[in-house]
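As written, the chain order gives the labels A, B, C and D, with residue 1 at the start of each chain.
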Amino acid sequence: MAEFLTLESAIAANVHDGDVVALEGFTHLIPFAAGHEIIRQRRRDLTLVRLTPDLICDQLIGAGCARKLIFSWGGNPGVGSLHRFRDAVENGWPRSLDLDEHTHAGLANRFVAGAAGLPFAVLRAYAGTDVRAANSTIANVTCPFTGEVLAAVAAIRPDITIIHAQQADRAGNVRLWGITGVQKESVLAATRSIVTVEEIVDNFSDDRNAVVLPSWTVTAIAHVPGGCYPSYAAGYSERDNDYYEAWEDLSRDRAVFEDWLERRVYERGSA
Amino acid sequence: MAEFLTLESAIAANVHDGDVVALEGFTHLIPFAAGHEIIRQRRRDLTLVRLTPDLICDQLIGAGCARKLIFSWGGNPGVGSLHRFRDAVENGWPRSLDLDEHTHAGLANRFVAGAAGLPFAVLRAYAGTDVRAANSTIANVTCPFTGEVLAAVAAIRPDITIIHAQQADRAGNVRLWGITGVQKESVLAATRSIVTVEEIVDNFSDDRNAVVLPSWTVTAIAHVPGGCYPSYAAGYSERDNDYYEAWEDLSRDRAVFEDWLERRVYERGSA
Amino acid sequence: MKRAFTTDEIMTIAASRELIGARSCFVGIGLPSIAANLARSLHSPGLVLVYESGTIGAKPTRLPLSIGDGELARTADIVVSVPEIFNYWLQPGRIDVGMLSGAQVDCFANLNTTVIGSYEHPKVRLPGAGGAPEIATACPRTIIVMRQSKRTFVAHLDFLTTVGFGVGAGSRASLGMPGAGPSVLISDLGMFRPDPETFEMILTSLHPGVSVVDVRNATGWDLKVSGELIETAEPTDEELDYVRRLNFGTSAEATN
Amino acid sequence: MKRAFTTDEIMTIAASRELIGARSCFVGIGLPSIAANLARSLHSPGLVLVYESGTIGAKPTRLPLSIGDGELARTADIVVSVPEIFNYWLQPGRIDVGMLSGAQVDCFANLNTTVIGSYEHPKVRLPGAGGAPEIATACPRTIIVMRQSKRTFVAHLDFLTTVGFGVGAGSRASLGMPGAGPSVLISDLGMFRPDPETFEMILTSLHPGVSVVDVRNATGWDLKVSGELIETAEPTDEELDYVRRLNFGTSAEATN
């Protein structure tokens, strides 16, 4: 059953140096507060997993937390580059970054296989691309009925998945809605999970087809209103597009970034 | 875009002798009215596909519409046998019935593969069972990463899938909720589809995580309130458990069944 | 003075006790459903009931007539699709215990729910596999509940629908089945558990008033009896009250 | 008197015209999103916009800043998970047209969105693949929109992220790619369509005021020009009004 903890305790107990850490949320519900807490607790050698690394991984990479990134599209959506990600890949600053690079469909299906307890998933993808050539987690599989050769992707099973959701109830069940990305799969694929939530409610409304993670599939819940800022939580907040646009300049320069990190993450204490 | 038709016209235009016809709905939302219309239009040589054939397939089989059944559990749930199904298999009455028999997981994944446009799906299933031995739509597949041998099931792509749903809007989008079984997959896997609905509404409520089939994935919609009776439609009707219990005796005897068929199906005209 | 009880009642109650300590149970309809609901009402209020219709955490206030009963959806924590219940919830071994039944069982707790007679020309066509083969594969353990006679406890299954221990020691591993297999087979006469060496089901408990001879006479194979044979504890008043309340108004005949 | 327009505007408007008659479009962010939204506003009010965030049938009233914009979810017919959008909707070829862009394109309309320089030691690390390789595989046809220069229209891609026509005739079939591939490549200078024999992209239309020499000077390969070269129709007032209204307040820089 999910345990209710402070964000600080949840990260301290569940995120260890060297872990494979998935942080999911597709534009919507990105767990920024948890990412900042990981930075504050100075975790190192993490393998980060995220379809769209977004600013959250840019910040973790720039802060020196990650040794590897498993991803499928690493830009600042609608704005430009992830300069801390680029600086790590192009110049090895603050350290080199290994890449395990997929397409969205491929990485999403790696989570599907993980959630399903299967060693791999099948899709029609990667044919003819250099994405495939360099990647040991992509292989061929032949249909035993038709002979068609398809792509297989290896299951991914993070040590820990962290997501942000709109609501938890007092029993520790979690509910999210709107754009739900690959959050259900990423939690079900992981050994442990942390969910930060906007609100803790007595009862969910009657919509039982929304994405719900039962309490016994979640390790820890932390009540962190606004925990996805500058991303957004449908029904609770709007995306701060200015923050995303400002990041383009702020993140370009190492010193400006480090100053931001000092003032906005390290000095802030637990969100 | 979905066309609004009478049930009679929808069946006449879309269900042909010899077709592979999936009729889905797991206990909930079983498209009985459409099944009865198929009987009335005296379709023959159908291959019926349904995880749980239930009374609807018992009736179609007893009426002589089917030459083959693809299924995973053929009983009267909580009550007893499907006597028309048994009579066809055990005695070839009213005609012999070929079987393509799976487990729920296997047949559900055949629909998944069909919906996904893949030739097969992978699951951990069938090992060591006689279910597998007799079936050409089950094979082995080896994980290219771990070497584990898993089951592959061939995609199923019905000529036509028929379901019952709670609502359609005037643009022909379909919405269903509650126990939704494998309905989405069965419609997306099929070449054509018919949806009978309880109600046609101006607008759906704001719950966009419910199962919705956009108008352009549906061939025809027929407004048939109570079209899933004696099954039920959450929010509209209750299951008629007495009907299910009465079926045990009614269906046991060929003459009694044929009398039922005459009075309750053929004489009733279009539902 | 002790209250009378039926053989079905002690079977169901014994099965419900086997769920003590389990977090979640994948439930078939019929006898397994009665036992699982009894366990949740009585011993294990937090027990998560999972049905193959996709209802997770159902808290039915009456016994569901089918696994797709509206009562299950109304009271569930979530309702997911049928592909999802098998792929994301059952297959990875998330559900602690599976409750199964069958028309025939053999000494290695393999089950037949497909045909009596030959597959091509069956004497009796049964419902088939349903969810059972994958429940038996994936759940960390399973419990089998079925009425016992020479017709149902057989030396050779007419059809192997669901693997228990296959042909004995090593079978499950060689078939790639992650779960440990049946921890117990409970009939209306007694309880049987796998021998830790051979994985043959041996009689470990007799229900009150039943003799070893009674059980032998209702077993189609050469039954082995545990050296530590015990008597099944009699139903308590509370257990009997609950099972009678649950059972009211629905049938326990179907096997899946 | 004619209104002035920018090269980006004619590029976007020309792309939107290519969607006339399409039922549905899988949309990347940036230039493709502007073109697709313009098409829905102007030429094809029934056009179903599908984004890789899982929003199907989005009807945004302003240009979304990202593919996961709340506006898309709020106005969609349904929102599905990311695995579902790729597995059930894109992969089977349900979405008529895919709109793509890239940092580099070659003469067979293959795209690079991964690196400039070597993969191991890139000069510029670009975002990567995103949804593009599977959009290019599965959609019955694709449209590529990107600004043209010798840096972007290259003889050899630094990295092949997304297959257009591979090495020419027969490549798509041998790679098992169901869709027909790029029907058009639209730049800020002109339009290019595949030669029906070789599948090399040849210049078929010049935007107003652009010469073949201008295009050659901005193309890194030995450009072939159609014998039936035409001029792209000028933007109408209505097209210009719409594209300017849509474009307000967001950036068209990103390529996915």
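Definition applied: a contact is a pair of C-beta atoms (placed from the backbone, for glycine too) under 8 Å apart; a residue touches a chain by one contact, two chains touch by 3 or more.
Bear in mind the structure is a predicted one, so any value in this text is a computation, not a measurement.
A.B. asks: In contact with chain B and with chain D at once: which chains are those? Just list them.
C.D. replies: Touching chain B as well as chain D, we find A.
A.B. asks: Where centres are the averaged C-alpha coordinates, which chain has the largest centre distance to chain D?
C.D. replies: The most remote chain is C.
A.B. asks: Using mean CA coordinates as chain centres, what's the gap between chain C and chain D in Å?
C.D. replies: 57
A.B. asks: Indicate the whole-number Å distance between the mean C-alpha point of chain A and the mean C-alpha point of chain D.
C.D. replies: 28
A.B. asks: As a quick test, compute the distance in whole Å between the mean CA positions of chain A and chain B.
C.D. replies: 39
A.B. asks: Two or more other chains in contact with one residue: find those residues in chain A.
C.D. replies: Residue numbers touching two or more other chains: 117-118, 123-124, 148, 150, 178, 180, 184-185, 208-209, 211.
A.B. asks: Taking each residue of chain D in turn, which ones touch at least two of the other chains?
C.D. replies: Each of 73, 79, 87, 91, 138, 178 in chain D touches at least two other chains.
A.B. asks: Return all touching chain pairs.
C.D. replies: A-B, A-C, A-D, B-C, B-D
A.B. asks: Touching chain B in the complex: which residues of chain A?
C.D. replies: Residue list for chain A touching chain B: 117-124, 137, 139-141, 143-146, 148, 150, 152, 154, 177-178, 180, 207-211.
A.B. asks: For chain C, which residues count as touching chain A in their complex?
C.D. replies: Touch list, chain C to chain A: 23-24, 48, 56-57, 73, 76-79, 87-88, 91-94, 138, 178.
A.B. asks: Within the complex, which stretch of chain D touches chain A?
C.D. replies: Touch residues, chain D against chain A: 29-30, 52-55, 64-70, 72-74, 79, 81-83, 86-87, 90-91, 114, 119, 122-134, 137-138, 159-163, 166, 171, 175-178, 250-251, 253-256.
A.B. asks: Under the stated contact criterion, what part of chain A meets chain D in this complex?
C.D. replies: 26-28, 51-52, 71-82, 85-86, 89-90, 101-105, 108-109, 111-112, 123-131, 134, 148-150, 178-182, 184-185, 211, 232, 234, 238-239, 241, 244-245
A.B. asks: Can you check the complex and tell me which residues of chain A touch chain C?
C.D. replies: 115-118, 173, 184-185, 188, 208-209, 212, 214, 216-217
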